[in-house]
Structure formats: structure tokens, C-alpha cells
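The structure under discussion is supplied below as C-alpha cells; questions concerning it will follow.
To keep things simple, chains are lettered A, B, C and D as they appear, and every chain counts its residues starting from 1.
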Amino acid sequence: MTEPRPLRVGMVGYSFMGAAHSHAWRTAPRFFDLPLAPQLTAVAGRNEEGVRAAAAKYGWDSVETDWRRLIERDDIDLIDICTPGNTHAEIAITALEAGKHVLCEKPLANSVEEAEKMTAVARAAAEREVLSMCGFSYRRTPALALAKRMVDEGRLGDIRHVRAQYLQDWLSDADAPLTWRLDKSKSGSGSLGDIGAHSIDAAQWITGQAITGVSALMETFVKERPVGGDFVGLGGHGGSDGPKGPVTVDDAAIFTARFSGKHDGGTGPVGIFEATRFALGRKNAMRLELNGTKGSLAFDFEDMNSLQFYDASLEPDAGFRKIMVTEPSHPYTGNWWPTGHGLGYEHGFTHQVVDLVDAIGAGEQPSPSFADALQVQKVLAAVEASAAAESRWQNVDKEH
Amino acid sequence: MTEPRPLRVGMVGYSFMGAAHSHAWRTAPRFFDLPLAPQLTAVAGRNEEGVRAAAAKYGWDSVETDWRRLIERDDIDLIDICTPGNTHAEIAITALEAGKHVLCEKPLANSVEEAEKMTAVARAAAEREVLSMCGFSYRRTPALALAKRMVDEGRLGDIRHVRAQYLQDWLSDADAPLTWRLDKSKSGSGSLGDIGAHSIDAAQWITGQAITGVSALMETFVKERPVGGDFVGLGGHGGSDGPKGPVTVDDAAIFTARFSGKHDGGTGPVGIFEATRFALGRKNAMRLELNGTKGSLAFDFEDMNSLQFYDASLEPDAGFRKIMVTEPSHPYTGNWWPTGHGLGYEHGFTHQVVDLVDAIGAGEQPSPSFADALQVQKVLAAVEASAAAESRWQNVDKEH
Amino acid sequence: MTEPRPLRVGMVGYSFMGAAHSHAWRTAPRFFDLPLAPQLTAVAGRNEEGVRAAAAKYGWDSVETDWRRLIERDDIDLIDICTPGNTHAEIAITALEAGKHVLCEKPLANSVEEAEKMTAVARAAAEREVLSMCGFSYRRTPALALAKRMVDEGRLGDIRHVRAQYLQDWLSDADAPLTWRLDKSKSGSGSLGDIGAHSIDAAQWITGQAITGVSALMETFVKERPVGGDFVGLGGHGGSDGPKGPVTVDDAAIFTARFSGKHDGGTGPVGIFEATRFALGRKNAMRLELNGTKGSLAFDFEDMNSLQFYDASLEPDAGFRKIMVTEPSHPYTGNWWPTGHGLGYEHGFTHQVVDLVDAIGAGEQPSPSFADALQVQKVLAAVEASAAAESRWQNVDKEH
Amino acid sequence: MTEPRPLRVGMVGYSFMGAAHSHAWRTAPRFFDLPLAPQLTAVAGRNEEGVRAAAAKYGWDSVETDWRRLIERDDIDLIDICTPGNTHAEIAITALEAGKHVLCEKPLANSVEEAEKMTAVARAAAEREVLSMCGFSYRRTPALALAKRMVDEGRLGDIRHVRAQYLQDWLSDADAPLTWRLDKSKSGSGSLGDIGAHSIDAAQWITGQAITGVSALMETFVKERPVGGDFVGLGGHGGSDGPKGPVTVDDAAIFTARFSGKHDGGTGPVGIFEATRFALGRKNAMRLELNGTKGSLAFDFEDMNSLQFYDASLEPDAGFRKIMVTEPSHPYTGNWWPTGHGLGYEHGFTHQVVDLVDAIGAGEQPSPSFADALQVQKVLAAVEASAAAESRWQNVDKEH
């Protein structure tokens, strides 16, 4: 067994997502046989002290304070973008044009226009074997990957209902501070893009169908919040005495949807989506339920190591069964622990690295591509358009 | 203790709802002290053989084959209407004008116009102490009654989210037979009126707020079904060889909504509703979740003896707690069994009789009134109107 | 269809069990076709005022203040014994010898000696077509009856583990009053006989195997409690200031067990049992889990309308599935409501009446017989003997 | 902030536990600030090819094929023992006497005698600031650590019941191969020591009480199994045609227990324990429930990121609440992801490293000490003695 060639990674950004990505780059080769050997070559951030501390903490060999400089380096093969959405397009396009592979956090961009440009550049780069992927890491949760497999195998028959909720509660407190995630110029949108995008991607990916239209309602419950303070992570309490600034994104986004259908022909399923960070008690309830003509599947990230499956062929003694997705034959899990020994949130990122490195090693397009992510972006835009037009139905063009 | 005066009941219809109501009339005085003594005086149905068998089975003293004759009888104090929705208006109006109290199954009628007439007649009758009530029996499920009490006590704070699903699966089989519930002329609508109406009533009642507008999507998955056959109950299989007839109602109804707000002033919660009889594996999942500024409540009829409550004041060790709603101090339950010994579906009907008889005994308006049910009817109509107009927002007038 | 002959019932006792039995006698013929028509002919109790009120409340036609007089009446066909365990033997034996059928609440008696006498008398009576049954009503919970059916069908293979818990919490409060259930002379034992007996009967019945030996530990956490006061139902608070009396029964009983094996030959499963009324938060957690060579079953009465089933043949995507035991083909449920509309605690008593009346109509031995109940009694005695002898193993003779 | 001194680790063994420990040593400093910097200096194993592959895979800098040589190396500060139980004593004693800190997998040894020797040596070593710890890693599951904290805070009051189950199913298949875990000479015991030991340690640790006596039943369901084959990990299928060898350990161990009581004075709780690898469908159900005078706690490792808590002071609206143990203030979780983003099995090992390195850095005794593990060993021995003596009660001496 010869030593695999190195894959030298340069990461931009080092907060929540940076910590998760760093762990994934370090850990993937310890549990999976990869065709390339990831190396944590450099991390970039504007604040030198901050980026140096992050490099030491997370195990990066060097630092840059300018992402352009990171891209220019000869010893970097891949750029991993972990910054807010408003910076994605410029960094990704620059990197791809410089011949670097790209892993870009979701949502791909803050607008359809940006996402379209990125997708065009990605397509051109792919011709030169420069590959790109968008970080919808929930696809790598074993239970959702198993759901995808089961749908592909036809175990649900034709799908009639898609029911997706992404419920969190860390903004319920009206005094939680104003962060970049609440600033439309940086984040693009609120619950919709932050968490709803995961639901949209998962629903389209697992069903193998595109959302063709939506009718939406959006709401901002808390119109302004305390500014300033050193906000780290999600949640927290900003104090109610100081100055406040406006929340410019949605607190909740709710929409109905239609899908393209199995063969893009007949009627596909109807869908219902909800994304909120105000559902007290729901901490990370990324839920997806599919009802088909033969069976149903249900998932909740709060119990992420299991998948509920209803097989109608077993009636009258059917009943949803809770599959513990920890068997050797389940996606990803055979490389970890014995049956019943569950995985955690960060494993999705590790599996994302595995799939990305496998694709790069094979010279194949990783999934989800920028085009897949653009399709999500179009749905996000249609949701916002419908919400702004009294919930009127908005069609979504399908990306070809 | 003197013997209470009799309350002589005449029931119209004797299938599923008739069986449930009969049990309730028989059982209520055995577990609750009532101001009047219900008597199962007569049951009416067009088929003499059928109605005689039902009377013997369910314990009614006499039969009529014409509901008009039932209403004319001097020995009847209350008419209990258990027939399909298209007959409600005529029977109820005739009964009220004849001075009989009325209990009418839900939905109140098959159109807003009918419901408005019924409500006007009911109001006039109430002036003469002739009382009426609509049978939204889910209000009498102890867990939902406890939810109402807790919301009234302010334990959720201001409500931001209403999340209602009513999921069944008994029509998933495309060969299930065509019954009156699938015929718009008899049932008014499909999932929407049959089960969605329960969700709408529960949501408005528990929040104490009216739905002010909706955006909706409706779908009929199976366009035609086998006709004929002796269909009894829900579900079943009609055979796929014989003739088929058109399904003229919705199989699924999905909508977003806004509520009037606590004081009919500021913004109320946003709502999301789904009603379907095609969610394989969900047998009677009448679910309701409310998220407020102080806490959350969640209910699922498939586990009907419990209520989930999240009290944010207990953070960081909060977590949804599963209240077994079987304590002596919980609504209705103290009259039944010791703690932990759950109740079943039909208890809601028994409690409905209790509340109705209590109201009649006190000469007070029972709840839900026809006016309350009219409000539900208006929401149903708005949902249908929105679905017919590309999901465009439809306002719902509030009944005053 | 000719009218069935009457079955004239005389009930002794009218508290918790009396209310449940009365409801069952009234309700069974309304939902099930019975070969005999139960009539609530008379109820007996020592306190004339109390028994008259109970008769009016529960629908009994007449009263007696002496159970001997009840048995002497010519217009009584069956004696239903709902009194504390210390009275069972005398009443049952007198009734059987007088030619009355007997339904006797569990546990059958307060000692093996009494139970043996009762069983001998019951056997002799059966020769004269005078039938008897012991009221282990949990057998009639649809989910447990389904469990029995599935085990009989071989769906679990050979059983290796029996895991039974009966957890309640209504005695956790050290100031809950001293009632007859805490007085060994009346109740025979504490948790062991009150609730543990249900677990023992269910385990033996569902497995079709007898417990052959036990090793036990018993404990009384609260040695004395307040006396006096009007204690109604379970639980409550007796006040801590007044006089106290000794608790003479076990608060908790825990034991390991072995079973006779499928063919009374090879090694049967090992069992573990726990009965307590001090498990705070567990309201009526009558739980049973069986693990076999092909699958497993798990039940919890707190979610009584479902049964968990693990079918190993479905691996690697098996997982416990939650069967909602409300299908038309499930035991008892087809006579009630549509799929998904659950039943409650008292339905077990109604089904018990159905099975008893069916057996009497057919002239066959009802199940469980007094002999079955004697077997349970022997296990109770062995548990007490082992607990009194430093947990040493105690064999249990099998009743033949 | 100066760079912490290195802590140079030498690990013995590299299979299942070796993989988990390696991950922990690599990962702990990435998420936690440690007083010493762990270095993966060397790994030892008898098979040179195997150990070289493991070193490459898991990130160890060098290899040894003799654990004695590893201990002799000057550049090793700590020996991490991940081998079967029969080798623990010799390796640990040699290491401690050579002045190396020791982390030893559980169970500490295969006999009380060995464990006593190890404990004596560990005590002597501690005088020289050479520290030791036994790897009961479940203590570091955040939910169990929170349980410990809540019990210590008195939120359960006095504990009356301890209910522990450790249920797996990977040996259900009678053709699963004979591995070292089924060979008493290597593993010491079967389910009892492999998984039951975790339950015993957790129960004693969380209650703060020692088990003072037990009555036990043990069973071996499958007496012989296929030998040979390349068995990796748990479970699997060995084929039924080849030669078989005897299973010399227990397949299931069940026992009742008493605890020392809060102040080693009055009666402590009664306990019930079950360990089996034959509970089909239970994959890693390490469950613990405690019932106290004020509340209850329940845990199941199959849903490892939550803890169920019943607070009786909240009655009548109490109910078990499911605390998601992912809050910043919960044990360990603040160093990982935002609220609601769960952890996995291996995090317990990472936290174990954190606590061990913190203790070494502070020069304090890590917990659990060898003395704590010896106490567990004594319980294991008492269980075996009781099972061999017709379940007779066996007292357990308390380690002082």
C-alpha cells in the first residue's frame, strides 16, 4: 500500500464552521481509507492574532491574513470556504479560476445571481478537473444517507408528501444579541437560508426531485436587538439596556411546495416546510418525513442516529420502526464503532471530507455540486418573492 | 339528593358517530354528576331495519324513520345530529325552531352560507333558552383541555408559532372504495373538513385567537375509486376490477395562516396546517404544537393521554416534559381512574355530553357555539378559495 | 336473531374495581355480540347507604347488604367479587357451591392454601358447568393479547429473556395514608400482589410457560403512615400530624426467575421482575419485554395502544417498530373505533366480560382459570419465602 | 500563554479500544485547554505488521512489539492499556513501578486478587505522584455526568430505586464466532464484566454509594460456537459448519442489590441489574434509572444526548422531561457545538483524556481510581459467587 498523495487544504474562516471543518480534515483519514492525504496546510483570517490562535488550536500548519494570498500559494490544492455567505462568490470564483478545488459552506451565495456566476465558473473549472462542492453536510448524516438509499431502492413507492421542519430556539430571547446572522447584507436571509436551506437540499436530494413552485409566509418576531458585545457561537443574552439595531432577516419562514415528480412528468408530491429559530424547546430539530405509496420515512436530527421507517407491506402489524443507523452496512457507520454506538454532529463534516476527497481522487464531480446548490438558492429566492407578494405561487426554474 | 330531571335525547344517524354519541349519552351520568338525566329516547334513520338494529344495539328506547317526525315528538328535548354535513343545516334549523336543543356534529355545515343561517337561528333560539353546540369533540380530550388551561394561565407567554397536523393513512390504498366522505355534495370537502376542521377549531380555541388569513394548497392524489360494495367504517379495500367513480374532494390540504393576536391588536402567531389521509403509518396523528415566548406545548392524539410541555424558565435543564394527563386535578380525568390509567377516543364524546348537559342545566351557552363553528367554516372556505387562486392570501372575516 | 338469554350478575364490592366492573357489564353488549345478555341485577356491600348510592350511580337494579344473601338469590347467575383479597376465598367458594358462576378479582386469594381450596372447589363446580375466572384484566389489553398471539405464532422464536416491571409512584409521599392495601391481613401483600401479580400472570400467559423458581428481595421504605381520614382512590395525602400505624406489606418487590421452557424440557428464559409504588414519575408503567431467538416484543401500559416489535429477519434495517394496536384484525379492537383511535384502561374489563360471557355461553372453561391464578399465587408465595431467606432460590411447583 | 509541557503516551493494544483511545488523545487538545500536551508517542502490539498499520492509521509516532520495551522507554510518560483483562495487572503494575502514569481499560482485572494488587501498587505510586485511572468511560457521557451532578445537588432527594440494564444483541445469533470475549481465561467473565461492569460503576458513582450485597442469576444460552475465522469487531457470523469451541462465560447476568445508603447508615436503595448480549433489537441500551424521594432520572445510551428527569415538585403537571444535554452549562458540552448538536460514542473517551490530563496536570488523583475499580471488581465477584450458590445473598466488602 503506497502512501497516498497529499491534498493540501487552505481554509478561510475559523469560527463555528471552521472548527467543524478542521476536525473533519484531521479525522477523516483516521477512520476512512482515502485516495489523497489531507493536510491542514494553512488557515486564513483577517485578524492575525485570532487566526494564529485558531491555527494552533485546530492544527493548521500556517496562517494567512488575506484569503487572496492563501489562494495564490502554490502549496494549496483546495480552498475550504467557512465565511459568511456574502463573501462566498468572490472567494470561490477566485479560487476556482486559480485552479484550486473548492469546498464552499452553504448557502452557496446570498443571491441567485451570485450563485449562477459561481455555477458557471464551477462548470468551466470542472472541464479543467478543478472540482467544487457545496457543504450541505446534513446529506452525510448516516440516517439521511440511508433514507436516500431507501427511496432510491423504491421502498417508499411514489412519494406523495414531503414534510420538513427545521426548528431551533436560540433566538427566542428578545435580548439575544444582533449578530451577522441577523444582518441581511451578510447572511442573505435568516432562518430561511441558515437552516431552511438544509431542509430544501435534503428534500430535493432524497426525493431526487426539484421543487417546482412555492407559496410562502415569512415573519420577523423581534424587530431589533442589542448591538455590540463579544458574541461567540449561537444564542446568548446581549443585555437589554444598551443600543439596539434592526434585525433585517426573517425569524421564521413557512412555505408550501410542489415537486417535479419522479420522472419530471406526472404530479410530484406536495411539500410543507418550516424554518424557525423561535420554537422554544426545539434545539436542533431538523425533521424530514416522506409519505409514499408503499411506505414512509421520518427523521429528526435531535435523535440523529435513528431513522423511522413504515413499511406498509407489513400491515396490519406494521408501525413505524426505529432503525438504529449504526450497522456495518449502513452508510458511513461501518468505519466507526460497533452497532448501537452512535455518532455526533461533527461526523457529517468528516463524511463530507471523505466524499469530497474520494471524488477528487477519482476525478469525478462531487455531490452536491454548485449547480445543486444553485437550485436550492432558486428555491430560497422564490420563497422570498412569494412572501413579498401575499403568498402568491412562485414557480422555480429547474437548473439544467 | 333529588333525582335530576330527564333530558330526553333524539339522535339522527347511527353509524360511526352514532355509536360514539350513544356510548356518551349512556356513560356520562355513570361517571359524572349531571344536572339533568340523559335518556336515550329515540333514534332516527331512513332504513327501518337498520335503525331498529341500531336502537337495540346502542340502547335507544324507540325509533323513527323520518327525522322530522323525531323533532315533532313531544317527548324529545334535544336533537343530536350525527349525519353527513349536507343535512346538518336543515335538521338543526328545524329542531331549534321547534324548541329542541341541538348537538350537531362537525363540520357545522358544508358551506359558509348554511353555517351563517344556522348561527342566526341558533342565536335567536338562545334567546328562548333553546341551546346549541357543535361537536368538536377533540376539545374534550383531557390533554387538549389541559393545553387550553395552560395557555389561558399564561404559561406559554405570547404565542409565536402554531403547528398543526392531522395525518391519517386510510385512503393511501388507491383501491379503497368511494364513500360519501369522498363525495363533495355530501361531505363538503375531504381531509380539509373531515379532519382539518378539528385542527382549526383546536388551534383557535386553545390560543383564544381567530385565524385572520390563509394561503393554501390542495391536492387529490387518487382521482377515481371503486364504487359500490358495503363499506363500513374507514379504510378497507374496494377491489380494483369493478366500476369507478370520481373523487370530488381533496385528499390533502396544506396551508399557512395568521392569527388575530392576543388582544386582536399586535401580530399574532404564524400558523402552519396540514390535513391528509395519505400519510402511511400515521393512523390518527392529530398533532398540535404551540411555541410561545415562555414555553411550548405539543400534543399527538396517537399518544392521547399525554401532553408535552417545555417551560423555558427551567433552562438549562428544561426539556419537553411528558405530562401524563391522568391526574385528579386535570380536566375530566378525576372522574375516571387512578393516575396513569389512560382514557380512550370515546371519552371525548362522553365529556362533550357532560359539558353540554352542564350548560343546559345552567341555562348557559355551551361551547363551541354555532358561531364558533361558523368561524371554522369561514377558514375552510378561505382555504378552498386560496387553493383555487394559486395560493393567494385570503383574509378570513372574524365572526362577531 | 333471537334475543340472547339473560346472565344476571350480582357484584360484591363497589369501590375502584366495582366501578370498572359495572362499566364493563353495561358496555360489553353495546360493542360485542354476546351469547348471553348481562343484567346488572344486584350489588352487595355492608354499608346500606353506600351500596344504594353505588347502585344508582353504576346502574344496578337492586342492593344487598350481605353477600351471603346475594348468593342465595334465585335471580342471580354469576357472582362478581370486587372486594379485598382476604374475603375472596369464602365468597367464591360459597358462590360456586351454590351453583353461581364466579368472576373473582385478582389476586385470587391471600395465601396458597386459600387459592388451592378455591381451585379445588372451582374444578368440582366446573363438572356441574358452574364456571369461574380470575380477573387478570391486563390479558385483555389489545396490545398484550396481540403479544400473546405473536408469541404463539412463533414470531419471537424461543424466548430467552423476560423483563417485567410494574412501576407506580402513588406511595412515594411518606404521608400518603394507611389504607387496606397496606394492611397485610386484608391485602395479603403490597406491590407484589397488587401489581406484581399482573406481571407474573402476563409473563406466564404470554410465554405459555410457568415460572419454576425465584430469588427475591423485598423492601418497605416507609414503615408507618397516617391512619384515619376519608381515603378515596389511590394516592392522596394523609397529613403528617395525626397518629400513625404500621405498614405491614412490601413497598417494593424485586426478583429473578426461571421459566419452564417451551416444552417443559430444556432451559426456559431467565426473568427479571420488579414491582413498586415508589418510582416517582412512573404512573402506571406495567412493562413487559420478551427477547427471543427471532425477535423481541416490548409493552408499556403508559402507552397502552401500542406494541413494540423487533423482527430480526428484517436486519440490518430492522429496529423496534411501534405497532398501533387499533387495526380491525387486532384482538378486540375491530369492535370499537377506526384505526388509530385508541382505547383506555377500562376496555380491559369490558373485554374480560366479553370473554367470560362467551365462555359461559359455550360452556367452556374461561381463562384465566382459578388454577392459572393459583399458579400466580404460588409464585407470590415463593417470592416472599425467598425474600425471607436471604434471597435463596425457591422452587415453584407447577399446578397440574 | 506558554505552550504546555508534553505528555508522551504509549498505548498497548490497538483494536476497538485502541482506535477509540487514539482518537481521544488526538482530539482532546483540539477542543479543550489542557495543562499538558498529549503526544501519541508509541503504540505496542505483538504483531509487527499489525501494529505498524495501526500506528499509521491512528497517528502514533513509533511502534513496539513488546509492551515491556514500551514501558522501559524514557520518552514515555503514560501507559494506556487497551488489551484484554487478563493482561491488565502485569502491564499496569510494571508501568506504575517504572514511574509511568497509567490509564487502564475496564474491567480493572479478571479477579479481585489481581485488582487488589493493582490497587496497592497504585496507592504506593500515587505517593510518588505517579497516577492511575481506570477507563469507565461512560462516566464521561455528558448526560450521565449531568445525572451525577443533579444527584449531588440533591434534586432526587434520597434514592430508593436503582434500575440498571445493559442490553445488546450481537451474540443472539448462535453462529456468531467464538472470540476472546467468550473465553473466561482472557475476559474474566461475559456480559457481566464486559458491559455489566459499566452499569455497576455508573450506579455506584452517581449515587455516591457502594453496593453492599447481591443475589444473582447467570446463564449461558449458547454453550458452544464456531472457532477460527478473522473476527473483527463485535457481532458477525462465523458459519455453522466448522469446528466449535465452548463458551466459558455468562451470556446474561441478572442480579438484585442493596446500596450502602447516603451516609452509610440507614437503608440505601434497592437495585436491580441486568446485562445481556441477547436482547434482540437492543443495540447498546445502557440504561440507568434512579427513583428518589424528590424525583427520578432515566438514561438510555441509545439516545445518549438526553437525560430524562422527573421533578416531583412540579406535580400535577410534572412528567419526565427530556433534557437535551447539549447546553453550554452542561458537563463537557460547552466545548463542542451549539445547543442541540449532539455528540457520539467516542466523545466519552475524549472527555476521559481531558479529565485524566487535568488530574495529572494538577497532581491529583484521577477518578475513577484503581480503588474505585476494585470495588466494581468485588461486586462482579459477589455476583458470580451468588449465581454459583443458588442466588444466595453475598455481601460485598467496601474498599476503604
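Simple rule for what comes next: contacts are C-beta pairs under 8 Å (C-beta built on N, C-alpha and C of every residue); 3 or more make two chains touch, one makes a residue touch a chain.
All figures in this text were calculated on a predicted structure; none of them were measured in a lab.
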item	value
Chain pair with the higher count of C-beta pairs in contact (A-B, A-C)	A-B
Centroid comparison with chain D (C-alpha atoms), farthest chain	B
Listed chain pair B-D, A-B or A-D that repeats interface C-D [over half of contact pairs the same by residue number]	A-B
Inter-chain centre distance, chain A versus chain C - centres from mean C-alpha coordinates, in Å	54
Distance from the mean Cα position of chain C to that of chain B, given in whole angstrom	36
Chain A and chain B, separation of their C-alpha mean positions in angstrom	41
Touching two or more other chains - residue numbers and ranges from chain D	282, 318-320, 324, 328
Pairwise touch network: line, ring, star, complete, or other	complete
Complex interface listing, chain D residues touching chain A	16, 19-20, 22-23, 26-27, 30-31, 57-59, 168, 170, 233-235, 282-285, 301-305, 324, 326, 328, 336-347
List of chain A residues in touch with chain B within their complex	160-161, 163, 165, 169, 172, 174, 215-217, 219, 221, 252, 254-256, 258, 267, 270, 272, 274, 276, 278-282, 289, 291-296, 310, 312, 318-320, 386, 390-393
Parts of chain D lying in touch with chain B, wherever the complex brings them together	146, 150, 306-307, 309, 314-324, 327-330
